[in-house]
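Heads up, the next two complexes both have subunit A, just with different partners, subunit B and then subunit C.
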Partner chain A sequence: MIMKNGETHISSFASLGIVLTVLLALTTISVLVTGWHLGPFSVAIALIIASIKVRTVLTYFMHVKFENLFLKLMITGVFVLYALVIIITFIDYYLR
Partner chain B sequence: MSNSDSGTYVSYLDYEGKHKGLMGWLLTTDHKRIGLMYLYCVIVFFFVAAIIGELMRIELIAPGETIMKPQTYNGMFTIHGIIMIFVIVIPALPAIFGNFFLPILIGAKDVAFPKLNLFSFYLYLIGAIFGVLSQFIGGGAPDTGWTFYVPYSAESSTNVIYALVAAFILGFSSILTGLNFIVTIHRMRAPGMGWFRMPLFPWSLYATAWIQVLATPIVGITLLMVIAERVLKIGFFDPALGGDPVLYQHLFWIYSHPAVYIMILPAMGIVTEIFPTFSQKPVFGYTAILFSSLAIAFIGYFVWGHHMFTAGISYGSRWFFSFLTFLVAIPSAVKVFNWVSTMYGGSIDLKPPLLFAIFFIFLFMIGGFTGLTLGSVATDIQVHDTAFVVAHFHYIIFGGMGFATFAGIHYWFPKMFGRMYNNTLAYTSSIVLFIGFNMLYFPQFILGIQGMPRRYFDYLPQFQTGQVISTIGGFILFAGLLIMVGNLMWHARRGVQAPANPWNGVTLEWQIPSPPPHENFDEIPEITHAPYLFGTGSDNKTI
Partner chain C sequence: MSTQAIHSERIESETGKLGMWIFLFTELFLFGGLFLVYAVFRAKYSADFHTGAQELNTFIGTLNTVFLLVSSMTAAMSLTAIQKDKKNLAIFLLAMTILLAALFGMNKYFEWSHKFEFRLYPGSEVLKNLPHGELLFFGLYFMMTGLHAIHVLIGMILLSINIFKIKNGEVSSTHYLHLENSALYWHLVDLIWIFLFPLLYLIT
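Now for the complex of A and B:
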């Protein structure tokens, strides 16, 4: 992948393979969790697992790892925004 | 050296590339041609929705059935809302003026992804056609209102799925346009144009683009969930299936309130360009206007619950959303003070664009203040789902976004078409529109306070006076629209040739010929100072 400053980053097959394995493992866990009857926490755990998967894909497959701090902060900001929206909605449910 | 100084050139209207004639338009990747194609589509769909609005006004001129059945009326207000919101007010300003002027204003030759831009246009067209078709096929016109509230939208036997798919496709178009603009602004600004040397219309598009990219997917998924509920009987929202209808309202308004800012932020950006030009004075409080755009975009994400005060949300949520709603009024007010202060002490030239922009401030302020009535829990409960909401909403959307669009088209018309319109007709249309608008919508504030519900086909006799005034206003407004569109369309081809800079503007679009050449600039300009420097003897760039 060619970055803005002209540098090239090629991830090794080994690291991509590890990432793929982690993603498959997390998918398996998220399926298994649905059978554990965790009540209101089941949604929270599903969201946490999904967030880890998204972060992994962004970092390794989409090469955010090699981007500058500004872009990383912007992506983090988007995560925070979505998290706040979800938290506010759930607080409403909790207080009702 | 600019194109304007170089003698002959080929404008984007006459340019012939790989494809010629009609195909030269349908397959174009030129941001200006795509902007014009959006403009023509918006005009067509706007008149469709406006005529539907007029038919509704005729129905309401007297109690009881006048010209249509109740079910037809339900279909009419639904499709009026779907077209106006999803086909016109959300996409129009970024799609028309954003496409046409963003690259020029930042000194670029096109947007970052020209082919994606054309793809966005076709998605828009397909979505818009789907929305209109939903009126005429299958089980009858959708009757849910543009908000598609469940559980009714999950149960109605009408063409709700077609309308949902239309909104979904239009949302995709909006996301792609936003993405294109973000990348364009980040990567394609001319040399020397730092973030704080960028004109304020691109800044408003930047704030808008983030909302388009981040909020639209939420409503897209939500609409798909409604389809899944209707088709597969999955219980997301319908209590009978184990779902929660309030969750739908949360998800819908998480998008649809920020969507109001998709509509209004570019409108604010347009008038921010107009006030300095027609006052021949630098914009007052550049930084304050810039950060107020970002603040509106950010805070606007967290005020959605004020649409749900009567829907059964918690007490804590009510005061939280009410507080934030009042908070978002502050950056809006900052802008208004800055626009007025820009005019103060300036050399004011009351040309039609400025007149429209002043009308915008007046109408937007009425919409804004009545918005505080709705943002306060106690008063909202009294007027919720009444004609008061209809009036407030139209003062913001039509009085705000609509009049800013009229200001923008009169401001940039000479640049877009290379022709001048008739000033007398432009003044006439602006005044007729202003009178018609206020006659149409102001009585609805009073009707709402008196208890007239929104979306009702029939009403009690005591509401008739207000309804009649409103209907007469509707016809005056429509006459104003005809005068304005007729004036612009006629003079787009037959008007007097426009000079490169008819208004003595200083931003980059006024430094190139009218209409612009195919790639805007012979050479990418180098920006040497902040925008809006009037009377210094220097323009905004070195070309």
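Now for the complex of A and C:
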């Protein structure tokens, strides 16, 4: 959390409260969407909402927004790597 | 404290945090492997997974999601409090986090014991006689939520240690790496649940 000017970023209580509100709203949407019975789309929507939530937690609760570029790239890299693992597994699974 | 001392301390704190992140990456892949198994079997046995998920209580799942999200906020807030040198507030917020974690655990306990009453547990006769896909669903359910619950327990211990460290001054407004890393661990527990919840409870 040390920024370029050498100062540490301190998240305000209010901003953390807003982040929680957003997360709870997304959870509500996620539960409501399940009730609509959209078939295969409901999985996609649930996962998209979950990804937005994870990104929000990473950015604000885990302070990634205020981290240095190196750590940001590492975190992005790990998620990209995992996405590739999933994609490659499914390519293998469906083209077998 | 001299500028150089402050500088070297900052580097130490940065490297300490980098180490924590690298550990969190390994945790992500530990659960990631299970998510991958889940994804493949779900694609293969989607009807059975649907039937299996009907057995899970969406209300308990949603309530636990709320507990973990709020606890993640209080953990982040406790770091803000210690950075602002508000020790008592930081301790209170950590205690709140641990309480919410305990509520999560309690919910999980009731949920699991309810399953056990119906003889639904790994290796039980009832489970063995279920269709293959449902057996896989419950196997993954117990494995993933069980592994997650162990992480909740470890998180509770780590956060409790921080309360003592704040009390005896080892964690303060200038030295808070331990609290920062413990909070990161707690957020990871939250992150994993964010994916577990829709995948296990919200299947239609």
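Methods note: the second predicted complex is superposed on the first by the 76 of 96 C-alpha atoms of A that agree within 3 Å, B and C clash if a C-alpha of one lies under 4 Å from a C-alpha of the other, contacts with A are read in each partner's own complex, and residues count from 1 in each chain.
Everything below uses one rule, namely that a residue touches a chain if its C-beta (ideal position, glycine included) is under 8 Å from a C-beta of that chain, and two chains touch if they have at least 3 such contacts.
All values derive from a computational prediction rather than experimental measurement.
Colleague: May I ask you to decide whether A:Ser11 touches subunit B, subunit C, both, or neither, giving the answer as first, second, both or neither?
Modeller: It touches subunit C, and subunit B stays clear.
Colleague: Which touches a greater number of subunit A residues, subunit B or subunit C?
Modeller: Touching more of subunit A: C.
Colleague: Is A:Ala25 in contact with subunit B, with subunit C, with both, or with neither (first, second, both, neither)?
Modeller: Neither partner.
Colleague: For A:Val78 in the superposed arrangement: first (subunit B), second (subunit C), both or neither?
Modeller: Both partners, subunit B and subunit C.
Colleague: Between subunit B (first) and subunit C (second), which, if any, makes contact with A:Thr89: first, second, both or neither?
Modeller: Touch partners of A:Thr89: subunit B and subunit C.
Colleague: Do any residues of subunit A touch both subunit B and subunit C, and if so, which are they?
Modeller: Shared contact residues on subunit A: 78, 82, 85, 89.
Colleague: Tell me, which parts of subunit A touch subunit B in their complex?
Modeller: Interface residues on the subunit A side: 78, 81-82, 84-85, 88-89, 91-92, 94-96.
Colleague: Any idea which subunit C residues touch subunit A in the complex?
Modeller: By the definition above, subunit C touches subunit A via 10, 13-14, 17-18, 21, 25, 28-29, 32, 36, 39-40, 43, 58, 62, 65-66, 69-70, 72-73, 75-77, 79-80, 83-84, 180, 183-184, 187, 190-191, 194-195, 197-199, 202-204.
Colleague: Quick check on the complex: what are the subunit B residues that touch subunit A?
Modeller: Its residues touching subunit A are 214, 218, 247, 250, 254, 301-302, 305, 312-317, 320.
Colleague: Hey, which residues of subunit A end up touching subunit C in the complex?
Modeller: 1-2, 6, 8, 10-13, 16-17, 19-20, 23-24, 27, 30-31, 34, 37-39, 42-43, 46-47, 49-50, 53-54, 57-58, 60-62, 68, 71, 74-75, 78, 82, 85-86, 89-90, 93
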